[in-house]
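In the two assemblies presented below, chain A is common to both, partnered first by chain B and then by chain C.
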Partner chain A sequence: MRRVFEVFRQERKGQPLQHAGSIVAPDERFAELYAREQYGRRQESAALWLVPREAVLEIGDFPDEFDLKYRRVDGYSIRERLREARERASSARSASAGAG
Partner chain B sequence: MDARTQEFVEYVQSGGQVEATDWMPDEYRARLIKFIEMHANSELMGVLPERDWILRAPTLQRKLALTAKIQDEVGHAQLIYRVVEDLGKPRQACLDDLVSGRSKFHNVFHYPTRTWGDVGVIAWLVDAAAIISQKALLRCSYAPYARIMKKICWEESFHILHGRDVVLALVTGTQEQFELVQEALNRWWEPLMHFHGTPIPADEDPMLFWRIKSQANEDARQQFLDGYVPQIRELGLEIPDPALRKDEETGRWLYTEPDWERLRAVITGHGPASAERLAFRRLSREDVAWVERVILAEAA
Partner chain C sequence: MSARTDLLLSIADDELILGWRDSEWTGIAPFLEEDVALSSIAQNEIGHARALYELAAAELGTSADELAFDRRPAQYRCAPLVQLRRLEWARTIARRWLYETADEIRLEELKGSDDGELAGIAAKMNREEAYHRLHAEMWVDRLLASEEGRRRFFEAVDELWPYALGVLDEGLRSELRRRVEERLGRELPAAEAIERGRHEPELVELWDEMTMVRRSAPAGARW
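After this line comes the complex of A and B, so read on.
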């Protein structure tokens, strides 16, 4: 039997493990050997994760039916309000300076 | 073209990238398989000219470096065949087509390596030409291939340095050693000029249309000439093309038109070493078939 293992690779400690490619091996023992040889023989990886392809649960669509923009940065447009607030503050300051 | 394909084309042409599990038009998949399979074949066949020199390397250090380079290239073939397999063509089918001559491999691997000078010129200049194509593939619309290319480019930069070191050792040696490099350069110049393919205009190249490639053939060749002609000439080597010069107004290199018919003949299996290389690949495939049987039986 041949199984596909997805290879995730960490370049340096502390960095995220990123998908690097895949290997085909008859079992986990060979998968480890092949992964060490193909993705680690030059000390270019701090860690590898080997995941049997059938174990990967993929989610690829993220519908936004209710337009939940208030959860995101782009849901807020503050430029106009900020301008107005600054104007008000500055006219209030000059008004109180005039009064004093 | 149907609406879905039209949308796909617009997506890749605006820089979008495609994953293995995404929908893709049949033509795109077929072109990817053909192109990436040829790349994998080239990595696998590319070790044979250098393999001839493992036992004849001049020092232990050179032997180790050459062996490491060869291991890298075989490793690249492994990685790239995986990408082809995920697109739907099994590795065994790729190898069948390779040894029977149904699929192609790069022109430069159809030539013999006559001296140690050839080994230096291949590792330096053939790998330099290859890294130009491969760096352009970092922007390939097919993401799994682009990701693999990152690792490959990283390893190729060591190969170029190794090749340049071999060449520098020879050009600073005896007159005879210098001549080895000059003669190898004379032999390899035409294959190098062929390397990036015929100067097909960008808007007629289907590989650019699908954004599988991101660089026109002639642009890749110009980039190679720009980078390496000065490096070759500064060593006192002579490039065997009297017409080669840079047009200072256009910034483009002018050169004698390579024989494109010869390129066609070479890549269809009529190069000076094509038959011998394929025969060797066939033989070694039969030789090692038992390894796969044993491993699969043991794992079962």
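After this line comes the complex of A and C, so read on.
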């Protein structure tokens, strides 16, 4: 009887549509009217997309069992490796100094 | 007062008072989205009233605010249909729909007027009223779709029908009857119009509330 519609709003032509909120309506015609009133009556939108919530495929879990840090967008930290490398280098230097 | 000003004030008063009546649902409409939509429609109607009052005010040498708030209740020309206090939901929808159906007939007539200003404002109003009609028509569809909805909606229409006739001049009433009967697929009871000029006690109460702030301010206060 009542359906939830997710509303995506474009502020200006050419910009991406962004999730603005959701509305509850008995059907698509009411959804359109309610969306116009809630997201368009102040000329704040260039376009709206209405998507019935049941049409949205949601993915909410992203397992990373093997800790594949190098795949992440932020890369992986090299600070730790740099420190280890410096330690190795300095101990190698002191070892060679002792030998000399 | 010219016939033109009289007409302007009749329509302006209809829109102002209906806007106030519909705004009585603000905060308590059946659900949030409808609350926003109906409140927005109410605001639009009051906006139409302002535009019409401004035209009349230019002719009368006064202002829209003075016309809206400084007359006595007996001087308002609104149809009794819009004076009735907030009705339960099926009646609210029946009133909205009957009013919009009548208003469309009236605006069609005005759009063809030789008076450029009148024709222009009617065309402008009509573009906004198109959404109001859509809203009302969608609700009518929903009410007609269930047995309880039909029963309650028909009851409301029959009760409000004599009032609806009073929105239009006599010459346009048969067209209203034709449209309403065609949409509902049933005959309406024979009825005498409840004419403009009659003032329901409820109008005085509304007027009292509507003008309270203005009357409490010293004359000439600026907002």
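Everything below uses one rule, namely that the second predicted complex is superposed on the first by the 71 of 100 C-alpha atoms of A that agree within 3 Å, B and C clash if a C-alpha of one lies under 4 Å from a C-alpha of the other, contacts with A are read in each partner's own complex, and residues count from 1 in each chain.
Keep in mind that, in the parts below, a contact is a pair of C-beta atoms (placed from the backbone, for glycine too) under 8 Å apart; a residue touches a chain by one contact, two chains touch by 3 or more.
Treat the numbers as computed from the prediction; the structure is a model and nothing was measured.
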Classify the contacts of A:Leu33 with the two partner chains as first (chain B alone), second (chain C alone), both, or neither. second
Tell me the contact category for A:Lys69 with respect to chain B and chain C: first, second, both or neither. neither
Using the superposition described at the top, determine whether chain B or chain C touches more residues of chain A. B
Quick check for you: in the superposed arrangement, does A:Gly60 touch first (chain B), second (chain C), both or neither? first
Which superposed partner A:Met1 touches (first chain B, second chain C, both, neither): first
Touching A:Arg86 in the superposition: chain B (first), chain C (second), both, neither? neither
Please work out whether A:Ala20 is in contact with chain B alone, chain C alone, both, or neither, and reply first, second, both or neither. first
Residues of chain A that sit at the chain B interface in one complex and at the chain C interface in the other, please. 23-24, 26, 29-30, 34, 37-38, 41
For chain B, which residues are in contact with chain A within the complex? 21, 71, 75, 78-79, 82-83, 85-86, 91, 144, 147-148, 151, 154-155, 295-296, 298-300
Which of the residues in chain A end up touching chain C in this complex? 23-26, 29-30, 33-34, 36-38, 41
Which residues of chain A touch chain B in their complex? 1-2, 19-24, 26-27, 29-30, 34, 37-39, 41-42, 44, 58, 60
Under the touch definition given earlier, write down the residues of chain C that touch chain A in their complex. 31-34, 36-37, 40, 131, 134-135, 138, 142
